[in-house]
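Chain nomenclature is as follows: A, B, C, D, E and F, assigned in order of appearance, with residue numbering initiated at 1 for each chain independently.
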C-alpha cells in the first residue's frame, strides 16, 4: 500500500478529479494548502504596508492506493495537472503499513476498494 | 416622475428627498455586496470595486457635465452645457425642493446604473478600461437617454411612462451589460468548471439592503412627501413579495428546492419590475406585476446559463428582462384612479402599450449600439481583458494587490526604510 | 399606539411613517443576519431563509386577508373580511397618513413577528412545514391578537398599554417559539456537543441593524412626526444602552469576561423591553426599564441552556421574558407628564399593572394554544422535522441545495445541454 | 451649527433630526465593521466591541452628566450640572425640535467620537481600562471641547466655524488616539511581521454604511429640513467622491494599482474633511476640499507605517489630518452666498483662517494633554496592555472568551449540571 | 514510531477525541479536509448552474505514536468514528523515522509523551 | 528522500520561513491545522453555553527533501520555531519512496531542486 500525496494548482482540481475517475481511482482526500517554490511572488499593499506573498494557493490530494495502482495514479495526475508553468506542484509517494476502512474494519486492499466497484 | 411642480420649498418634501437620496446612495455598496457574494473569493474585491468606483468616477462626471447633459434644456435629443460644473444649480426651488437636491438625487441614480453593468463582466475585465467605459457610457448613453425620458426629450413627448427608471436605468444598463459580456467573451473556465457564489449570506444581505434603498429609488421619485410617494413606496414593498413567492414555486417545480440565491434574485427582479410602474398602478396591480415578472426572468436566467453568453451575474435576465416586463406592464396596469392621470390597456388606453414598447426598443437599441462603439474605441487603445494567468490567479491579487480574506500567513513585510530587515535576508 | 386621529394628511407625518416602514422592513434581513450568525455554518442559509421567506409569504398573506382580519371592524375578537385584497384601502387619510401607508407599516410588523419565531427551531425544521406554520400562525394568531390590542378589540377596551408591540409582537412570537421548540424536540447533538455561533460579527452587525430599524418600529408607532415620536425614539436609544451596561456587568460577574454575543443580545433585549413602553414613559424610566430587563433575560438564557428545551436562539428568553418585563413595567412607569394621558403604578394607578399582566397572560395562552393546534394539524399531514442524516449534513445542502460559503472545489458542473460534457465522462 | 432658533416645533424638522439621529447611531456598528475588517481575525470581536461598548457606556454617561457638561450654560470653559440626569430636558422646543431630541442627536455624536479612538490601539489594549478611558475622556475632554465650540464656549465666541465636528469630533478623537497609541506602544510584531486586514469586504461595507450614516451626521447638523440641510447633505455626497478619485490616482502613481482598502479609506477621509465645512461652502468647493484632502492623509498614512508609531488603523492620518485639513479649508472656502453669513479667505476674510488654526490647535493640545493625564492615572491603578501571550493568542479568546468565526471543532461542551457528562470523562 | 492518519466524519470528531483521551493518547493534529469515496453525491443549484459535489466534508487526524500505541489508537478511532453508513472514512498507518519535540529538542518516544503524563 | 512534517505555532511561521530560506530550503507546503497537546485549554462562553477548546491553532509544513538536507531542515525549524512554552509543536520525518515534479515529470532529487537554484 502506498499514499500518493499530490500538490497541484487549485484551478486544475476538476481536471485531476476526472483523470482519477478515468484511472478508476475513486477514493481520495483533498485539502487546501499553500505552497512555496519557484513561482514569482506577488506583492500586495494595504495602506502603508507592503508585503510579499511567499505562499501560493495549492490543493493537496492524499490518495491511498494498493501497489499496482501507484503508477496509473501518478500518471493520471502528471497528465491532468500540468500547465508547464512554474508552480505546477509535486507528487510524493509514501509507504503505508496498514489501511483500515472505518465503516467495516476491513484492512489494506479491501479497505481502499470503493463500495460496489471492483478495482 | 411628475412634471407639474409648484414653486415653494416644502420641509416635508425636502426631508423625503434627502432621505431618498441617502437610500439610493446606499444601494451602490449594497450592490457591491450582492454582486461580490456571487463571484469567487479571489475576485471579491475587484467585483466590489467595480461598484464602489462609480461613487468616485460617476459622481464627479455627473456634477461636471452629466447633469447638464441630462437635464439641461437642450433639444429633444440631449441637454446642453448650461449647468456644467453645477452652474446655476442652487438652493432655489425646483418643484418643492432645492434644485441642488434634485441634482444630487438624480446623481445617485447615475451612480447605481453604471455599477449595475459590472455584473456582466466580473472576473475578467481590466479595471482601467472598465472605469473608462462607465465614465464614457455615463456621458454618451445615460445622459441622453435620461434626457429623452425625464429631461423633456422625445420619449417624454411621446407620453411613455417610466416612473423611476425601468427604461432609463434597468433596460439601459442591461443593454450595455449584454454588449460588454458579448465583446469580452466568457470566463476561461465558463461552461467547463463550476464557478460558484463564494458568499451567499452577502447576497441575501445585499438584496435586503437593496430593497431598503429601493424605497428611496421608487418612493423618492415622487419628489414629494405626498400620496404618490406613498403609492410608489407601498408598491415597492408588495411587488417583490409576490415575485419571491412565485420564484420559490418555480424553483420548487424545477429542482424540488427553494434556494436562497433564488429568493434574493427574485427580490431584485420584483424591484426592477415595479420600478417603472411604482407610482402609476394600484397596489393589487403591483402584486400582479411582481408575480408576472418572476417567470420571464427565471427562465431567461436558466436558459442563459446553457448558452455561451457569460453575462456572469445575469444583468440581462434580471434587469433587462425584468425592466422590459415592468415597462410593458405599466402600459397595461396604469390606473388613473391611483396616479391621477395616466391610463393603460386595462383602463381603456391600448396605445400606451405601444408607446411603452417603442420606448424600450429605442433605449435598448441606442444603449447597445453606443456601448458597442465605446468598447470598440477602447479596444483600439488597449486590451480590455486580463491575461489568462491573471484570471487564474484572481483579479484581487492580480489587479489590486489585495486579498479579500487574508490570514496573513506567508506574507512577508517589505520594509522600505533603510532598516536591514528580514525582507532583505529573505531575498538572499 | 394613539387612537385619536385628526383627518387631514400631513407631509411630515407621511415622511416619518414612510421612513419607519422602510426601517421595519430592514429589520427582517437584519434578523436573518443576527440569527444566521448564531447557528453553524452548514445551516446559515436555511436560517436566513426562515426570516427572508416571511418577506414573501407573510406580506402576501397580510395584503390578502391578514390586514382585514386585524384591523377590520369585526368584533372584539377579530376583524372581518371587509378589506380583503386591500378593498377600500386607499390613499385617503387614516389619521394624518394615507390608509395604504398605515396598512403597509403594519404589514412590516407582521413580517418580522413571523420571522422572530424561527429562532427557536433552527437547524432541524423542514422548510415547507415551517412556511405553512408561519402563514397559518399569521392568520390564526397574529391577526386576532393584533385586533385585540390595536384593532379596537377586547384588550384595547380593557385599557392595556402596548405602544409598539410588547404583547402583540414579542410575547406573541415567543409563545409560538416555545411551543414549536417543545414539539420539535432538541437538535440531535444538543446538550452533548458544542453547537457554536459560526459568525459572531454578523450577530453584532445584525444587532446594530436591528437597533437602527427599531427606531422605525417604536418611533413610527406614533404614526406622526410629533412629540410622541420623539419620546419613543429617544427611549429606544436609551433603554438598550442601559441593558448593555448591566448585561456586561452580569457577564463579568458570572464568567469574568464581557462577551460580544452577550452585548449584541443585550441590545436586542433592551429593545424588546422598551417596545411596549416607548412612547409612554419618561427617558429616565426608559433607562430604568432597560437596566431592569437585563437580569431576567440573562438568567433565563443561562438557565435554559441547561435544560432539554432547545429554544436554540433563545427566542423565549430574549423576546418572551424581555417582552413580559417591558409590558409589566409600562404598567409601573407610564407617566402622563410625558405621554399625555396614561399613568402607571408610580403615578398612582396600580390597576394598570393588573391590566398589563392580564393582557400578557391572554396573549401568551392564546398564542401557545393555537400554535400547538397548528403544529398538531401540520404533523398529521407531514413530518415537520428533517431526518438525522439531513441534520448531520446541514440544512443548507440538504434542503436548499446550496452552500453558504463555497470555494467551488470539487463541484462538478452538470451540463443539461446535449454537449458530451465532462460531467458525462465523470459518471462513466 | 446654526445658533439662531425660532421657537415652535416643526414636523419636517423633527423628522429630519429623528432620521439623522438614527443614521448617526448606525455609524457606530458601521465603524465596528470598518475597524474590525482591518484587524486580524483573532482580534475581530475585541475590535468590534471597542466600538459597540460605546453604545452602552457613552450613551449612559451622556444622559447622566455629559450632556449637561457640554450644553449647560456654565462658563466659557464648561457647562454645568443643571441638566444632569436629563433634568429639564423635555419635549418643548429647542429651536424647532424638542429639546430631548437635540440631546439624543448630540448623544450619538458622543458615542461615535469615543469609538473612533479605538482604532489606534486595537489588538493590544485591555478591555476594562479602555472602557474606563473612553468614559473619562468623554467627561473630561469631549464635554468641555463640545462646550467650547457648540455650547457657547470660548471657541464659539472667537467665531470659529465647525459645522458638524471637524474639531469637536475628528481632531479631538485623533489627538486622544495619538496619545494612546504612543503610550501603549506598538503591537509585539509591529514592523516585523505583516499584520493584514482579515476581511476587506467588511471594510468596504463599513465605509458604505459610514457614508450613509454621515448624511445624518452632517445633514442633520442643520437641525432643520431647510436649505442648509440640503447644502450639507449634497456636500457630504460630493466631497468623498472627489477624494476617492484623487486617492485612486495617488495609489496608481505609488504602486501602479488601485486598492479597495484605499478607496474605502478615501471615502472616510473625504467625509472627515467635509464635516467642518458641510453647510458652509459651495458644492464646487466641497469637491475641491475632498480632492485636496486626499493627499495629506494619503502621505501621512504611508509615512506613519514606516515609523514606530503603531496608530494601527491610522486614526491620526484619517481623522486628525483629514479633520485639520477640512477645518482649515472651511476658513478658505466659507461662502456667504451659500451659508448666508460666514466668509472665508476666498471671500475676503483671511482672519477666519487664523481663527480656524487657533481652534484646531487648542482642541488638539487640550485633548492630547488631558488624554495623557487620564492614561497616566489609569496606569497607576492597573496595567492597560495585555500580556504578550494574550496578544499572541488573540484578544477575542483571551479577553472575551469567544471566537469570531468558529466551526465548533474541538470545542467540548462543559456541562454545569450534575449530569455525568463527557466533559467529566475528558478530564480523566 | 508511526503516524496514524485518520479521516473521519466531522460530526464524529468529539466522540473520537474522547476515545483518544480514554486510550491515553493526548497529542494529535487535526485538519479540515474533503473526501471523495462511495458516498452518494449531493446536487446543488445556483441560479441556472447545477453542480454535483464530488467531495464531502471530513476531518483528518494525524497522530504520532510509539509502536505499542498504534493498535489502541486505531481501535479507539474505529470504535468511535463508526456510524455504519458509507463515508465513515479511513485510517492509514505510516512509518516514521524520527520525531522531535520542538520545545525541548527531545526525540522519538520522548517527543510524543505529553508533558507530565506517563504514557 | 524524506518528508519533513513540522507542526508549529502560527505566529512563528514567518521566522521559520526565513530559517528555511537561510538553510537553502525553498520548496514546501503549508497548511492550517489545529493541535491538541499539553497546552492549557481556553474556556469560551456563548450565551448559556460554556465550552473548552481542546484544539489550538497550529500551522503544518510539509517539506520534501533529499537525504542530506534532512538534518539542516530539522535544525532550522527547531531553532526558529521554539518559544520554550508548551505548545511549540513537533517534527516528524517520514520516508518517501518517490517524488515527481508535475511540471516536468522529473523525479526524486531533481524534482525537489527549485528552478534556477543549485541546492
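Heads up, the rule we're going with is that contacts are C-beta pairs under 8 Å (C-beta built on N, C-alpha and C of every residue); 3 or more make two chains touch, one makes a residue touch a chain.
The structure presented is a predicted model; accordingly, all values stated were derived computationally and were not measured.
Shared contact partners of chain A and chain D comprise B, C, E, F.
In this structure chain E contacts its sequence twin chain F using mostly different residue numbers, the overlap staying below half.
Set side by side, C-F and D-E show the greater C-beta contact count at C-F. The mean-CA centres of chain A and chain E are about 18 angstrom from one another, to the nearest whole unit. Centre to centre, using the average C-alpha position, chain C and chain E are separated by 43 Å. Per-chain Cα centroids separate chain B from chain E by 50 Å. In chain A, the residues touching two or more other chains are 14, 17, 30-32, 34, 36, 44-46, 49-51, 54-55, 85, 94-95. Within chain C, residues 10-12, 15, 19, 192-197, 199, 255, 257, 259, 261, 306, 401-403, 407, 409-413, 416, 422, 426 each touch two or more of the remaining chains.
If you sketch which chains touch which, every chain touches every other chain without exception.
Those residues of chain D whose C-beta lies close enough to touch chain A in the complex are 194-197, 251, 255, 257, 259, 261-262, 265, 301-306, 314. Remark: chain E residues 2, 5-8, 31-38, 54-55, 58, 60, 74, 77-78, 81-95 touch chain A in the complex. Residues 407, 409-410, 412, 422, 425-426, 428 of chain B touch chain F in their complex.
Interface residues of chain E, counted against chain D in their complex, comprise 10, 13-14, 17-18, 21-22, 30, 32, 59.
Residues of chain C that touch chain D in their complex: 10-13, 15-16, 19, 23, 40-41, 191-201, 204-205, 207-209, 211-212, 215-216, 219, 224-227, 229-231, 233-234, 237-238, 240-245, 248, 255, 257-261, 263-264, 266-267, 283-284, 287, 306, 338.
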